[in-house]
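Take a look at the structures below.
The following pair of complexes shares a single chain, chain A, combined with chain B in the former and chain C in the latter.
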Partner chain A sequence: MEYQVKNISANDFEQCIKCTICTVYCPVAAVNTAYPGPKQAGPDGERYRLKNPEFYNNALKYCLNCKRCEVSCPNNVRIGDIIQTARIRYDKSAPKLRDRMLASTDFMGKVATKMAPVVNLMLGFSPVKATMHGVLGIDRHRTFPRYTSTTFEKWMRTKAPSQAAFSKKVAYFHGCYVNYNYPQLGKDVVTVLNAVGYGVQLLEKERCCGVAKISNRLIDSAKEDAQLNIDSIRKAVKAGMEVVGASSTCIFTMRDEYPHLLGVDNADVRDDISLVSVFLYKLIDSGKVKLAFKPGFRCRVTYHTPCHMQKLGWGIYSSSLVRMIPGVEFEPIDSLCCGIAGTYGFKKENYPYSQAIGKELFDQIERARVDYVVTDCETCKWQIEMSTGATVINPVSLLAMAIDVEATKKLNGIK
Partner chain B sequence: MTDHIKPPKRYDVVVIGAGATGAGTARDCAMRGLKVLLVERLDFTAGATGRNHGLLHSGARYAVTDGESATECIKENMILRRIAAHCVEETGGLFVTLPEDSLDYQKTFVESCLRAGINAEVIDPAEALRLEPAVNPDIIGAVKVPDGAVDPFRLTTANALAARQNGADILTYHEVVDFIRSGNRICGVVLRDHHTGELTRVECDIVVNAAGIWGQRIVEMAGAKINMFPAKGALLIFGHRVNNVVINRCRKPADADILVPGDTISLIGTTSSRIPYDQIDNMTVTPEEVDVLLREGIKIAPSLAYTRILRAYAGVRPLIASDDDPSGRSISRGIVCLDHAVRDGIEGFVTISGGKLMTYRLMAEWAADMVCKKLGIEGKKCMTAEIPLPGSDSSDSKEAHSRKHHIIDMSTDQRAAEGRHGSLSSEIPTGDVDDALVCECEAVSVGEVNFAIDKLHVNNLINLRRRTRMGMGTCQGGLCACRAAAILGDRLNCQQKALYDLASFVNERWKGMKPVAWGQTLVEAQFTSWLYEGMCGLDRYQNNEQGNKQ
Partner chain C sequence: MNYDTIIIGGGLAGLVAGITLQERGQRTAIITTGQGALHFSSGSLALLSRDADGNPIEKPLEHIDSLPASHPYSKVGAAKAGEHARAVKALFERAGLSMLGSEDSNHYYMTPVGLFKSTWLSTADSAVSPTPDGSGWGRTAIVGIKGFLDFYPGFIADNLAKNGLKCEVAALTTPELEHLRKNNTEMRAPGIAKIMHGEALERFAKAIVAAAPGAETVIIPAVVGLDGQKDIDALRRFTGKNVICLSTHPISVQGVRMQLALRRYYEKMGGTYLLGDNVTAGYMDGDRLKAIDTANLGHGSLTARNFILATGSFFSRGLVAEPDRIFEPVFGVDVVTEGDRSDWFKENIFEEQPFVRFGVATDNDFRVKKDGKTIGNLYAVGSILGGCNSLKEGSGAGVAAVTAMEVANRLADK
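Our next item is the complex of A and B:
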């Protein structure tokens, strides 16, 4: 019998050789001494939790789930997964009302879009903000993104016939933000993909990717959503489509968090789930499609690498895509966490840490003096816009601004 | 520190050896009002006490072959749960029958257990799997017994602390090099201080030899002879808890048939092989032993096949020849308490040996009874089974509990320290620097290190490891040893000594890793060597075998 050929443990926690590089790269440990850092919260703490779940330390709630620890680990220990799994398994407290509200993006979105003008007005009122701060614990500095009256899905239905006419198609996972708050990004995706010859299809059914539910420990509900999304994705893949999104966190969650944290198997379709900017870069790089740009398009931009983009290892695709645009003057900055981590930064108790984490990034952005900060994540966008005053856009939106749609279509042989 | 106090030159009793038995004997004698000196050539638990399974035997393992030991075990098991609650983990135990073993044995086993007073309950194999998912799913039988885990380091330290609370003095790193005699009477010992080389004479009425396997030399020094049979037992330590319930194999005791969860790790053991007496200070684990431990261990818990092994170690069972066997070959199973006046005509000298970690308290009771009898002291009842050990004191725990109440959110290290020191953990200093961790794997804080230095006879890093688990975790001292050495260097006012101490500590950790140095354990060792040798140049500070600085 073969034995001791390989050490196998949950999330590879036994591979840890205690080098502590994860803690060096942890954005939280650098600013919050109450957080023990990924090594202690992860593989070290796991040994104690295996002895007795009572050793669970509530300070694990400070983890952003940015996964920068995993990126830095030389031994492929899934440190972030160990910490999130421990929170899910051992934190027996019921999620607060606030956390449920923040996590239920679909529910809140559906309600809010029905009366968007009122909701938007209300959410901007300072007495409302003060109440949310005091009663719910949603920090008063935060502003919720405005809700739209016409959801992206509704808009897409009007485009169904024209999209169906394309011979090549992709399925688009739009995500909650595009659907309920900012359909313009979705429209940009459709514009650019159409220009290079791809029709855009919605998934049969789509729910929130579940990242907010995972981080707020609404696991059963997250699992249900995940299963539904994967079933829809599977159908799209069977129909010969790649599934793309424009939010790096949604994509990361569906690719990696589903199997690792929710136990939802996606092995057969994982490689078919991608990001629009990666999809486009590969098409362009391989010469399969060409872009024609507006003459005279000029702007100075930088690319901010969202943490989950760093984890996916895809930052290079988006920044390269941006640098392909003639007329773009590119100012590189370091890959740093902005501090918001989705719903994390909305919580009153996390707000100061959130801003302290982002400080270095904000300084670099301000020094860069750019027209646009380009990034693939919407919550990074909110954080950077709030904290620096910069305008933050998705790489696809920048492309939509930069390309000459008609000329591009012609270049790719589309009528 | 107490170690540095010059002892008064006269005691009622000198106890040689600070293993569980020696510390227990010192405690018992001190509690009976005797003036006691406990001497140890190295450190508490440096011998067999610190090198075993840490199994709180229910006695079931001995039930079939040795009913008397089994009965003693279950009685002491129940006593230890009461008096040493902070050293004991009530895990429960299983005796599982593998397909290759016969279920017939189970019947004999259960009958023998019940005869010995051990509550052995046959359960469905499926129920056993539910109780302990790590158990081999192919088992065909299972019996539930009241096994548990006991931390021999804590247990011994607690006994030593209790002895000290009752007026005993303790000297570690003091070796008995000769006896003071008057005719056929032993009336004292000559001690050599291992650190200074200085010799001290200590007079006493009675010497108790509780030196375990090294006791044969003590007896020879006194001018008599006993036959001891060193039996080496090797064990493997796994990197984390594989099981939370003790798993035994239900068959005639053999190699690698017990898997014990101990604190943050699991232990598989043991082997058993006779070794020559002159090899008792040279314990190394052979590849064959590692192989048999794994091969057999995997049968009771399949996940051992792929769980990281932290280290291997071996201890020596101090088996002793029966006095009633003229050939000297037959081994006594139980406790041996010898009055050398009766046996060899040497007055003032008692040897307590045989037995097991589980019966250390009973052994101590027998030895203390004999001491009292020889001193003509009457009416001093043994109270060691009634009075809890320091750390398991219930009134203390109330205080600790109210303290805990203020800490709504105890951190992992605070909980870990409480687990290690019981109610004494309330004496661990807290605050900014004291809360910082020295050992991250085992969650040992600066405060706990300071507490151990102040209260628990710590002179060097190995002492500190035995008192706190510092350096016992996954990195085997890689990160914590230098931090702890820095604190010790400050506290003991000698950075130079701390450097040599650090080098020998790191080497001692490597000794245990070497027999299992593959996979991540090898990577870990390499990483540690880069840090200490490559970056810090620590290899220049090695002590050679004689302890001389090179």
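Our next item is the complex of A and C:
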């Protein structure tokens, strides 16, 4: 008798035992009855869609792609991937102008940084917000992150000689947010990595990781960007560098969404793509580098686990890194979705769900009464800052505040 | 990352072991693929419910001496099993779960179809009774929820009537429940429980009173109290009635409540709980396990002095069956099976199924064997241990909790 021993379905969909555990942990199903939930939208729906694409349900657009369903599934079914693949494959409607705009982070960033003062003013202006809300469908409650007038890449070019002088180097995937909106985070990354003896290099070419294009179904364009990023990453790895980023979603997208959703092969370099906080934690934990802290540094913090960080399983590294800092008082909170999911929460039709999803997290953050919420994701930062008033920073920025740079350099034998 | 003890599998067994070790001052981590068997729990944990002939057991500890030597309880011994069972109940209490019942004497709980089964500990909202007939409940009503498909009031009433308990049957709804009903195929107990707080709970309470004004006891589906006991206490206060909750079709609210409370308490005790990761391999140093790989943390990333294997049985993939072999997928340790494929199961699903007895081979201290040799620092606890038919005798949760307590006590002193 012949048996099919191994699972052969895409995304392990045939491993589903229909237990509905995933639906219990789906943040959207909990607040939006129009969403069928991960089991229905994922492995259940897939059985029908395979028979006839007509069974595609437009409500799949409500999926945040947070992957919390996958984290809870005991059978390793890649439910989120099944849903996103179905959206890509079966939703034939053309993405709206608004979605194209929100997804084109590089294009928008390039234009906006050139005219940063004007754009920042405009985006904060209530008639503009009303137009965006009414005409484009970008929710008026949202505040756009401010654009910088000097991009991070431009700043880095001025640092090229000093960075090249380091004997050990890492390649830094800065992402759109650091480049166009918040170069300070990139500068913190450079400060901390330099202090422990690593020079920071840019990739030969870098485009947006593609998460926004994927969720807005601009797939061809996302694929092109992904291929370009992986080619650059490959060159960096060949040159002996690890590639690190400070945003968990960018890193997750390049490690897992590229092969799973875009069909871009990264198997040879996937393990070389990591987060700055993971890279640092491992160096410190293995005793390869040491940190010297400012004597009087004190603060009370919590760590928020972004959904993609939860999926990566790396929250432990960042929270351990933060807890290593003497003078940090750490208040744990549950790992919960903040509700924004990149461009999702900017859309008028999603805004109320977005806030309802985040409510439990916001309540826990407010109860924690901390100086900083530490997290590895920029969109979580916008959402939490907008919804709670808390100050949200990246673990690397907290380190940059806490370490004595000169003393750290000395400890690691750097002049 | 280095720990005193690493626990693979975060179900009941892994959590009881992890909590005990954290409380005794160890640094531990639990790595778990997904949610475990507690999510499917009836809300009652069984220690030893039935004898070899299937008759209910009144005093479980007194039966342990008569079990075969292969049984995990025989390896622990009756006296210690009793101590551990008592300690487990106290541990649940510290985690915020006050459980009904005791190891000295089983009680009865009502199943989702209205039958009574003998058991050890039940969540405080369960439908329990000292005798198998619900006597002492007084005038009883069964109240369902309109549009909720996982609860069968008429069926339950018929079964209860056979035991001489006459119940009224009613159904209710509230605006919040009507809202959920819009997505009726996904209107499940945990989804309802997520909204049953505050005003929604008060309206639910009013609807219960309106549906069964004369009843002293009201049986409802377990749809309240996902994150603890307080909403159930509130419901009882609001209604002024003895509201009891019957576990539904899985996923069960009572099971999720237990899992979440134990996990939260474990983390509060300083434990590291890594959900959504898979342990994929281990590295030996002589007869000792030195390090493990996980899918997320990578190669040899976790080291510890001792390891506990609590990956559950077939259902949770602690054991895997292929057409021609049954194996333990992480370390490939020895598994005790019987005969070949045709001996593993009986065609008639209601017969006793041999595969339920299969499990990893261990010595009397629950240390796992590979190729016949004991691995000095890898212990197995919970349903990955074979040696008994937990389904037939009703001992699943008991074996998980008692063996976890046994091994944790042993390791805490090391």
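In the analysis below, the second predicted complex is superposed on the first by the 412 of 415 C-alpha atoms of A that agree within 3 Å, B and C clash if a C-alpha of one lies under 4 Å from a C-alpha of the other, contacts with A are read in each partner's own complex, and residues count from 1 in each chain.
Here is the rule we use: contacts are C-beta pairs under 8 Å (C-beta built on N, C-alpha and C of every residue); 3 or more make two chains touch, one makes a residue touch a chain.
Everything quoted here is computed from the prediction, not taken from an experiment.
Between chain B (first) and chain C (second), which does A:Thr20 come into contact with in this model arrangement: first, second, both, or neither?
both
Is A:Asp271 contacted by the first partner chain B, the second partner chain C, both or neither?
second
Which partner chains sit in contact with A:Val190 here, chain B, chain C, both or neither? Use first/second/both/neither.
Once the two structures are laid over each other on A, A:Val190 reaches no partner at all.
Counting only touches as set out at the top, which of chain B and chain C does A:Ala236 meet: first, second, both, neither?
In the superposition, A:Ala236 contacts neither chain B nor chain C.
Thinking of the overlay built on chain A, is A:Asn57 touched by chain B (first), by chain C (second), by both, or by neither?
First partner only, chain B.
Classify the contacts of A:Pro36 with the two partner chains as first (chain B alone), second (chain C alone), both, or neither.
both
Under the stated touch criterion, which partner chain does A:Val71 make contact with: chain B (first), chain C (second), both, or neither?
A:Val71 sits against chain C, while chain B stays out of touch.
Per the contact definition in the header, classify A:Gly45: touching chain B only (first), chain C only (second), both, or neither.
first
Is A:Ser9 touching anything from chain B or chain C once the two structures are fitted on A? First, second, both or neither.
In the superposition, A:Ser9 contacts chain B only.
Mind sorting out which residues of chain A both chain B and chain C touch, each in its own complex?
Looking at chain A, the two contact sets intersect at 1, 3, 5, 19-20, 36, 39-40, 75.
Show me the residue ranges of chain B that touch chain A in the complex, using the header's touch definition.
These residues of chain B touch chain A: 239-241, 244, 261, 263-265, 294-295, 298, 304-309, 409, 411-412, 415-416, 437, 440-441, 443, 473-475, 478-479, 518-520, 523-524, 527.
Would you mind writing out the residues of chain A in touch with chain B in their complex?
So the residues of chain A touching chain B come out as 1-9, 13-20, 36, 39-40, 43-48, 50-51, 54-55, 57-59, 75.
Touching chain A in the complex: which residues of chain C?
Counting only chain C, the residues touching chain A are 1, 33-36, 39-40, 179-180, 182-183, 185-186, 188, 190-191, 194, 250-251, 256, 264, 267, 272, 274-278, 294-298, 316-317, 322-323.
Applying the document's contact rule, which stretches of chain A touch chain C when the two form their complex?
Against chain C, the touching part of chain A is residues 1, 3, 5, 19-21, 23-24, 29-30, 33-37, 39-40, 70-76, 271, 285, 310-314, 316, 320, 332, 334.
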